[in-house]
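Structures incoming, each one as structure tokens.
Two complexes are shown next, each including chain A; its partner changes from chain B in the first to chain C in the second.
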Partner chain A sequence: MSAPVAPVAAARTASPVAAEAPRRRTRGRRSARVKLVIGGTIVTAYVLAALLAPWIAPDDPLKQHIVDLLHGPSSTYLLGTDAVGRDEVSRLLYAARIDLPVAALVTVLPCLLGTALGVVCGYVGGWLDAVVMRISDLLQAFPMYVLMIVLVFSLGPGLRSLLISFTLVGWVVYARLVRIEVLRIREAEYITAAVTAGFRTPRIIVRHVLPNTLRQTVIYLTSDLVFAVTALAAFSFLGFGIQEPTPEWGNMIAGADPYMAQHPLLTIVPGLVITVLALGFAFLGDGLQDRKEQ
Partner chain B sequence: MNGRFGFVARRFVSLVPLTLGVLLLTMLLLSLAPGDPARMVAGPRAPQSQVVAVAHQLGLDQPVWQRYLDYVGHVVTGNLGTSFKTGQSVAGQLMDQLPLTLALAGFGVLLALVLTVPLAVAAARRPDGPVDHAVRLLAVFGIGLPTFWVAIMAIRLIALPTGWFPVAGLGDTLSSHVSAFVLPSVVVALSILAPMVRSLRATMIELHEAEFVLAARTLGFGGGSLLRRFQIRNAISPLVAVTAAQAGYALFGTVVVEVAFTLPGMGQGLVVAARTQDFPLVQGYVVVFAALVVALYLLADVVTAVVDPRVRIAA
Partner chain C sequence: MRRRPTKTSPVTDTRAPDTDQVVLSVRHLHLETEDGTPLVQDLSFELARGETLGIVGESGSGKSLSLRSVLGIQPESLVLTGGIDCAARAAMVFQEPATALNPTMRVGSFVAGVWRRHHPGESRSAARAAAIELFDQVGIVDPAKRFGAWPHELSGGMRQRVMIAGALATSPEVLLCDEPTTALDVRVQAQILALLHRLVVEREMAMVFVSHDLAVVSSVCERLLVMRHGELVETGPLADVVAAPGQPYTRDLLAANLARRLADRGASPASLTTGGVS
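Now for the complex of A and B:
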């Protein structure tokens, strides 16, 4: 679909309406920056909320005010209290201290495992590559969540199961992504140069191959965080996630759902909190992707 | 072998090792579960001799490879075992629940497709124009919305106040069956829509700039006929690929949506089986879900081969 004789650089940006291309590119660059700023601001705000929760939260997230069950919003309880009388705002803030690090872990662990396997498979190849790729075919035949539910079923609900199941399921995409990048990089002249210079394979992998795969991995990792944030909440909703009384946005929604008629904010606000954070990561991922394409 | 049937037949054969692997992995994963299944069936206060008898009866005293072969044999003949809790046939229960889940996922995917095509075509018509920006923003939102929360909101904010749709379950009459599917299907569709729109939009923009489209334009094709005869036709293969991937995702969407709307499908069944530690039942669900995904990919390959001759020739 691209012109056979066009120089590489020109072919990338050339469009039939050539005059439009530069304008579109600057506009694209600006929209990439806007996305990065919006995403960065949202994520920074959440991280700050998590870090400062003990100081800015008005109340102990576990303290039950027995006389104020399902209390409406007031000056004492900004968003009211839940079914056992706990302050909603404090629980939302403290939940950030659970949801953010857990979301980060369930994304970074598969990324590390997948990157390691992808680099080795792509660079070394051979039977190891064949075995790992067949295993990843197999894992992709399962609907991801079904596999996760089964793992959590096998290992029991809670943090440990979440970490293990996300890692065992999530590494596949990273491994494939990195492997393809490595196959491309392996043919590059600077790798041939490094091999000719007599550098040992581990050094070439760590110093020359790995850094060049990072960009693509980081882009995927950012959009994977969107999935992690919503999936963690979904697991809580199904009863396989972080368990009560630990405040977590997903289990807050599940716990408040039966009382939606009396106190709708308890269900609506944690959902919005999850959505906005997911949007933050989505904007960051999009911005990084757009910037890479230019 | 060649032609359409040869291509499909070869794809079919290649699924055999995949299916065997799926069964092996299912068994291995479930063997991670703590506790002795025989003890669970016999009951916590049963004497050790009875537990041993149950283990023998369930074939748990056999070596792993023997159990695997037995299991494969049973699955091939349609026997998925019996539930620990109810003693009923797993295959029977799954067959009862399968139609609902398939219908829900199917309606969801169809609805998503119906929404994807006009949105993506409209957005691609003028890249970076106002419509394009609106569609892309919607797509970002679509990715960030937690499906189960959307389902809860749909129940509380639409189904309850209007009374147009049943709040839970299917109801008894045909019309209540139909209306019970509306909101869940919409939620499933929304959960898979965004990546489909993004993908088709990107394809359409690429096609706008393709040389054969430029050639067609030079020959005087324009507007609708250019779109239909040159662009949409060439966009079908990538659309089928992303739809297949998203349909697999929709199967999970149905788990959450069925739980939220308390619909008696496989998704809700899986969650209940996992909560009650019903080992053979969970195993059955996993096998059937995996089989559905494998079948889905096969279907996608077949559709692609039918609409796009290049795929057949390349394979």
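Now for the complex of A and C:
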């Protein structure tokens, strides 16, 4: 009885094995798309909120309703008011107009600096490469957050010192990432072909090397936005970032902190707003990485 | 004019040594690794204007390395001695068109860029027109439409035609071909060989064609140079070498390679050599 069963069982087990590779690829592609859609939707929603804040916000984010301090959620104040009577929803919406562009800036600036250094180091090499890489070793030997806090502390609070400290600390990863990519790309036959076609080095770097590093950089940049969004809020919470009365999610949490017991929503909601945006960028970065691996 | 390292071969290089007409001269080329392993030893040959030279040999015989040395694109780690004198503009067609084209550059932009680099002062639109004209010359159907294509959108044969168009954009007097048909299927290979042959004749270019495949080389070249273990084994007019190989290695190569393929086609060596040379 067992003899005729065996081939059937074998066939049954064999077919999933044979189909496994393509199916896994399909599943991977689908999950990458799902991540990209989720991440894209979240980020788009935030961008729209920031752009449309003046029209969709129910109130002026700076206007203080002295009679309605720490008002609970109501039809007038959907999420209540803060300690000086400002409408929470309006502040959250207007804060997006600060947090999104600042997060983008503190990510893009180090990316530009790091990419430029990484490309030149990787393609030209020599003493410049040695010097830049030793500096990056030095910077990486410190914990990133500590270094940034020290820099912001010594430069004083505000947007300018945030930009400087994020750039001075953040370029390292981009430089290393791009440099490794360039070391790989410069061995590619199409670079040899460009050299034999008579193109000069600057043109080869800009037109042939740089575009081929972009994909890897964009993937990292998207994940880096996750860090930027949370780090920005952290600095503002500590009082080193964007200053009151400008609405910013981090300083909103800081301002609501003493009233946690009476009005917990004032800390919870900005925290959620930050977390969901970070999640959106994380999904985008993950999806891009997955798609690249296929 | 003896270039063979051995004295037993009856074949001599019959080409007239007219030095005015020499466009490429390689003298005592020697390539070795940093630890002293020789890869190419004492290779010397000359190429006259409009002449077609085929370099054949098995994998690792140093034929591609020698060709790359002409343009100075051998691996940087290798130590090169000897003289390479390329008196003419040279351009190269690479083996693997899939990796020799920048994946982030439209094929038309590549060719137009190369053309403009070699025609300073010309406008972008002139470069575009020139690239489309070159696409047409290399047999790309609907060249204006293909101008904006990405490399991954094209087939292997089309990509190799783009590479050839890019090489032609430099108006070369010497075309260096590094196994340009090895990555292609047999039918496309024949088309590319026919194209190269036509271009060489039309533009009166000299050509060095490197391949492991004697049959391929003999369809486009007048003169043959056989290499093995980094050394020149035998050289001479194609018909002579094929009809009367002077070296045992050449005979082996012929037997292993050409004879089998000729048998497949039902042809004899004689018909191939007369048919292949223009």
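The working rule: the second predicted complex is superposed on the first by the 275 of 294 C-alpha atoms of A that agree within 3 Å, B and C clash if a C-alpha of one lies under 4 Å from a C-alpha of the other, contacts with A are read in each partner's own complex, and residues count from 1 in each chain.
Quick note on the criterion: a contact is a pair of C-beta atoms (placed from the backbone, for glycine too) under 8 Å apart; a residue touches a chain by one contact, two chains touch by 3 or more.
Computed from a predicted model, the values in this text were never measured in an experiment.
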{"item": "Side-by-side fit of chain B and chain C on chain A, or clash", "value": "fit"}
{"item": "Touching partner for A:F237 - first (chain B), second (chain C), both, neither", "value": "first"}
{"item": "If touched residues of chain A are counted for chain B and for chain C, the larger one", "value": "B"}
{"item": "Partner chain in contact with A:T192 - chain B first, chain C second, else both or neither", "value": "second"}
{"item": "Contacts of A:V150 with chain B and chain C, given as first, second, both or neither", "value": "first"}
{"item": "Contacts of A:T275 with chain B and chain C, given as first, second, both or neither", "value": "first"}
{"item": "Overlay on shared chain A, then closest C-alpha pair between chain B and chain C (Å)", "value": "21"}
{"item": "Set of chain A residues, in rising order, touched by both chain B and chain C", "value": "none"}
{"item": "Of all residues in chain C, those that touch chain A in their complex", "value": "71, 73, 91-92, 94, 96, 99-105, 113-114, 117-118, 163, 166, 169-170"}
{"item": "Of chain B, residues touching chain A in the complex", "value": "18, 21-22, 25-26, 29-30, 32-34, 127-128, 140-141, 143-149, 152-153, 156, 160, 206, 209-211, 214, 248-249, 251-252, 255-256, 259-260, 270-271, 274-275, 277, 282, 285-286, 289-290, 292-294, 297"}
{"item": "Touching residues (chain side chain A, partner chain B) in the complex", "value": "1, 3, 15-16, 24, 27-28, 31, 134, 137-139, 141-147, 149-156, 223, 226, 230, 233-234, 237-240, 250, 253, 257, 260-261, 264, 267-268, 271, 274-276, 278-279, 281-283, 286"}
{"item": "Chain A to chain C touching residues, read off their complex", "value": "188-190, 192-199, 207-208, 211-212, 214"}
